[in-house]
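Each structure below is given as structure tokens.
Across the two complexes that follow, subunit A remains constant while its partner is subunit B and subsequently subunit C.
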Partner chain A sequence: MKRFLKYLLAYALLCVGAFIVLYPLIWMIFEAFKEEKYALSIAILPNHFTLESLKDFYTFSNFSKIVNEFNFGKYFLNSFIVALTSSIMTVLICTMGGYAFAKKNFVGKNFLFNTFLATVMIPGMMFMVPQFAIINKLGWINTYKAMIIPHLANVFGLFLMRQYIHQIPDALFESANIDGASEYQIFKKIVIPLTMPVVATLFLLTFLGQWSNFLWQLIVNTPDSPYLTIPVGLALFKGQHSTQWTLLMAASCFSVLPIAFLFILAQRFFIEGMTQGAVKG
Partner chain B sequence: MKRKENLVSYLFLAPFLLVYIVFLAYPVIYSFFLSFHKVSIYTDMFDVFRELKFVGFSNYIQIITKDYNFWWSLVLTFFYAIMTIPAGIFLSLFLAIMLNNKLKGKTFFRAAYFLPNVLDMFVIGTIWVFIYAPTFGIIVRVLNFFGITYFNSTGLLGNPYTALASIGFAMVLKGCGFGMILFLVALQNIPESVYEAAKIDGANWWQELKHITIPLLKPVFLFLIVTGIMAGLNAFTEIYAMTNSSGGPNIVIAGKTMGATSISGFYLWKQFDFGRYGYAASISYVMLAIALTLTYINFKIIKPYGD
Partner chain C sequence: MAKVELSKIMKKYDGADDYTIFETDLVIKDKEFMILVGPSGCGKSTTLRMIAGLEEITSGEIKIGSRVVNDVPPKERDIAMVFQNYALYPHMNVYDNMSFGLKLRKYSKTEIEKRVIDAAKILGIEDLLGRKPKELSGGQRQRVALGRAIVRHPHVFLMDEPLSNLDAKLRVHMRAEIIKLHQRLETTMIYVTHDQVEAMTMGDRIAIFNLGVIQQVGNPQEIYKYPANIFVAGFIGSPAMNFFKGKLIKEDKKIKFSGESIEFILTSEQGEKLSSYDKPEITIGIRPENMFLEDFSKVPSTSDNTIKAVVDVIEPMGNEYFLCMKIEDKSFTIRVDGDAKPELNELINLIISRDTVRFFDSETENLII
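And now, the complex of A and B:
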């Protein structure tokens, strides 16, 4: 009996906790479908539950409005392009560099390794001003490349790949060498296929990071830039229509729902990838 | 042979090295250079750094002797870290211990608590603005139910005494699932036999927690503290999303009016936004010095891997 009560208590606590943690998400979804006149009500269902009142309460028009009048389709596409390109390029660059660090000896290896490591200790905010200066001098304001290229040298990603490639047996590389495989072939036929699990992790981490990168994308775009991403577009929209909560939440759905949906499909992969990535790196 | 290996290695490393040098190494040096300069009045958004004026140490002197807003932002950052790091660790550990039992639906809870972690910070912040809003926000309504009407006109984010704590609360809820997983993994790595031995020696649950569990979780604590400090120093998006570009409601301390959520990362951005690039660069360097000192102290105190 005592044991049963303990379980009951644990479940009750966990359920309440989960509700609190997920509340913003739940609320966002309901609000995004509400008619504007009910925007400030905390109810998620109409008072009298009939088909008519449901039709009066809920609508899809917020979504069409946010796409047709406020350009969020375009923002979504921009976010997707930036996040996808960044992830593919980061993974490629870090796998190449990680391979060199894991399986090669070269002049300056230790020096470079320690220099890279030191960079991790620097708070990211510190790079804001000088990176902006470089982008500005290069004339890259309002471009995709300004949002993508500065983040490609992912030191954490390099270490992650190095650790993983390090575990691949040397014998594999030696026999490939004896068979006369070129470096390019070794990279393509051995390194890439064998590192797939961690490639996927790094890809995911980079994608999520860039999908919700706000500060950098805010400062390298002017408000009239054609390349605004969702968070920046949302900030702009919020500045002009701060009281239109139903539209604001419909716009938020564009950012949150695809990721949440992916998470539900592959949650094990997300959780293990993100936490192991953090610990190993 | 040796030369060939060098060449091949550097070819593989070249793309990474190029981006690293241009966008990470050079900025550290350029930022140092910039911190001794002032950017003249500019008009062209696309060529801001055309005219730089050398000003010597005056930026640093200004920060250290005159800029009370900067020192205030450090105080706020300290408060923010003191609120969010222990609360986050406590909540994560609590959830991990709860989920470490054989419960049905464990996977569901794991996923539910972790989900907010993967979502966009700005969006989550925006949703919290509604939750904390005056009159119609759910928190104010709940408080009204208990007879507290103090927040009705300002909401929680409009009140200078609760604004930063409210942001911290939202961020702890967003982040706790991550720490929870780290603790769970560490807990599952503790062999059952250690607890059995302790039971035989007559240890109660508190002694088990204090003498076995917590010491074995040390690396996780250190990790969460270090990343927490970094997150505190880098905090910007959550502040911008929840209290706009103003830096929060005003608070008056010793006759000076200051923003109640203007923590150091946000203050740095504010200087940047005003076009004081040289000054922002020198603030960056002061913050870097603080970050490195804190990390060093952490490693000295906690000693994650023994002596």
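And now, the complex of A and C:
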């Protein structure tokens, strides 16, 4: 009985916690379907519950409006291209770099790695002006390149991959070497599959970061740029005097879809220990 | 031909003061099962890794067959290696693990399948081909690791302490499996271990390492009976050989060993060979099984070969006893028959099998006779 009560209490607390976490998301979804006049009202159902009042309270028009009137599809595509390209390239570069720093010996390895690591301590904002100056000089304003390339040097990703690859036994790489694998084959057939859990994590974090990156993408695009992304596009719903909340929430609903999809897809990698069974244990 | 020859091999790691391997010469004959044995840090694994090409050599020459392989990468040395921790690819099933090397070498699918199935049959792992390493026991993983080496049909097998992660029972079983495998494959095998029982039971010959230098190379019996020096004598054999320091005293026509609490007359043959030894100190080594209780002695008891000692500790092993004996402050171990009835603190006569006593130069620690 005591054990049952303990469980009951634990689950009650978890439910409260889950509700607190999920409430903004739930609110966003309900708000996205509301008519403009009911925006920001606490109610999630009309006062007098009839089919007519329900039709008056909720609408699908917010979604069609953001697609048709606000060119949201284009923002979505731009965000997707920027986030996907950045994530793939970041993962590739960090995995290669991480492998080299973890398993290869070269002159100045530790010094170089520590120098990279030290740059994490400098606030990102400090880089913004010089990076913008470089992008401007290169003539990359209003291009995908401007949004993607400056973020590929991801020291956190490099550190993450290096630490993960470091704990893979050397014997696996030596064994592959004796088996006849070239460096490229070792990377493709051993390193990548064995680092999948952390590759998925880094991919997801980079995708999330780029998908929601607002400031950098705002400053490297002019308002008439054809490469505006969702965060910049969402800002358009915020006027100087008023905000179109229902449209903003409908657009936000769209914008969380890829992230939610990616989380569902990648979550098994977070819990699966890929190196289990590699060596004695 | 897959003779492996090491000539004047030296290895010094960057930043190290001393050489890890110093001027090592070793010839491993074709189809021979050579064991490299020694304590931790003696350089045996480094030597194996240099043969594999996983470590660069500082100087010297390594030949596999007739080819000098100093600068040949591991994959072109025609070797296969079994690692201590198995080193199976965790994301691949057993079949893929075993066929990985063959696929990389672009063998045909049918050839790969044939080789993998053949190896799996030899090792009794046909039912495990679809499993991932994490679904296998330690013994099964070890078989897969062996299988991965076998399918390659290499000229030389290298094994780096492959049984040290297994429990005692499985280790004995796998030991026999590897011996059978060698007999069946008739390939040169170089096997590293720190376990002297593995060394004694498995190898055609043993190379004993200490401090980066080969101390002795020979077959197990030869090494056990005629250890080259005190280190080898103490390392091989369990319980270890007993050492006594002392001096040789000429008495009439006989020579007597007089040392730490022990005295006996040398045999005439020993006396003859040691007559010219003129250093003030000599060390003798007696194996625990070469000192007998009176009732179980294989040699007749005389005043020349009998000493008295007190039973200090009794270790029953079932079929035999290990007795820690004491004469004054000197302790040593003897191995006696399981039917003996030793009593603690009992003063007993011990008969020394004098022919088996080994004499070492106390200064150089090398075997004299």
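Note that the second predicted complex is superposed on the first by the 227 of 281 C-alpha atoms of A that agree within 3 Å, B and C clash if a C-alpha of one lies under 4 Å from a C-alpha of the other, contacts with A are read in each partner's own complex, and residues count from 1 in each chain.
FYI, a residue touches a chain if its C-beta (ideal position, glycine included) is under 8 Å from a C-beta of that chain, and two chains touch if they have at least 3 such contacts.
Bear in mind the structure is a predicted one, so any value in this text is a computation, not a measurement.
Judged by the touch definition given at the top, the superposed model places A:Gly124 against subunit B, while subunit C stays out of reach. Once chain A of one complex is fitted onto chain A of the other, the partner contacts of A:Lys238 are limited to subunit B, with no touch recorded for subunit C.
In the superposed model, A:Pro169 lies in contact with subunit C only, and not with subunit B.
In the superposition on chain A, contact is made by A:Leu194 with subunit C only, not with subunit B.
Of the two partner chains, neither subunit B nor subunit C is touched by A:Asp56.
More residues of subunit A are in touch with B than with the other of subunit B and subunit C. Look at A:Gly180: by the touch rule set out above, it reaches subunit C but stays clear of subunit B. According to the touch criterion, the shared surface of subunit A, contacted by subunit B in one complex and subunit C in the other, consists of residues 274-275, 278-279. Here subunit A touches subunit B in the complex through residues 7, 10-11, 13-14, 17-18, 20-25, 27-28, 31, 40-42, 92-94, 96-97, 99-101, 104-107, 109, 112, 115-116, 119, 121-134, 136-137, 139, 141, 149-153, 155, 158, 183, 187, 208, 211-212, 214-215, 219, 222, 230-231, 234-235, 238, 245, 248-249, 252, 255-256, 259-260, 263-264, 267, 270-271, 274-275, 278-279, going by the rule given at the top. Residue ranges on subunit C touching subunit A, taken from their complex, read 52-54, 73-75, 79-81, 83-91, 100-101, 104-105, 132-136, 138, 141, 148, 152, 165.
Those residues of subunit A that touch subunit C in the shared complex are 169, 171-172, 174-181, 185, 189-190, 193-194, 196, 274-280. Across the complex, subunit B meets subunit A through its residues 5-6, 8-13, 15-17, 19-20, 22-28, 30-31, 34, 45-49, 95, 98-99, 101, 103, 107, 109-124, 126-128, 130-131, 136, 138, 141, 170, 173, 176-178, 181-182, 185, 223, 227, 230, 233-234, 236-237, 240-241, 265, 268-269, 272, 277, 280-281, 284-285, 287-288, 291-292, 295.
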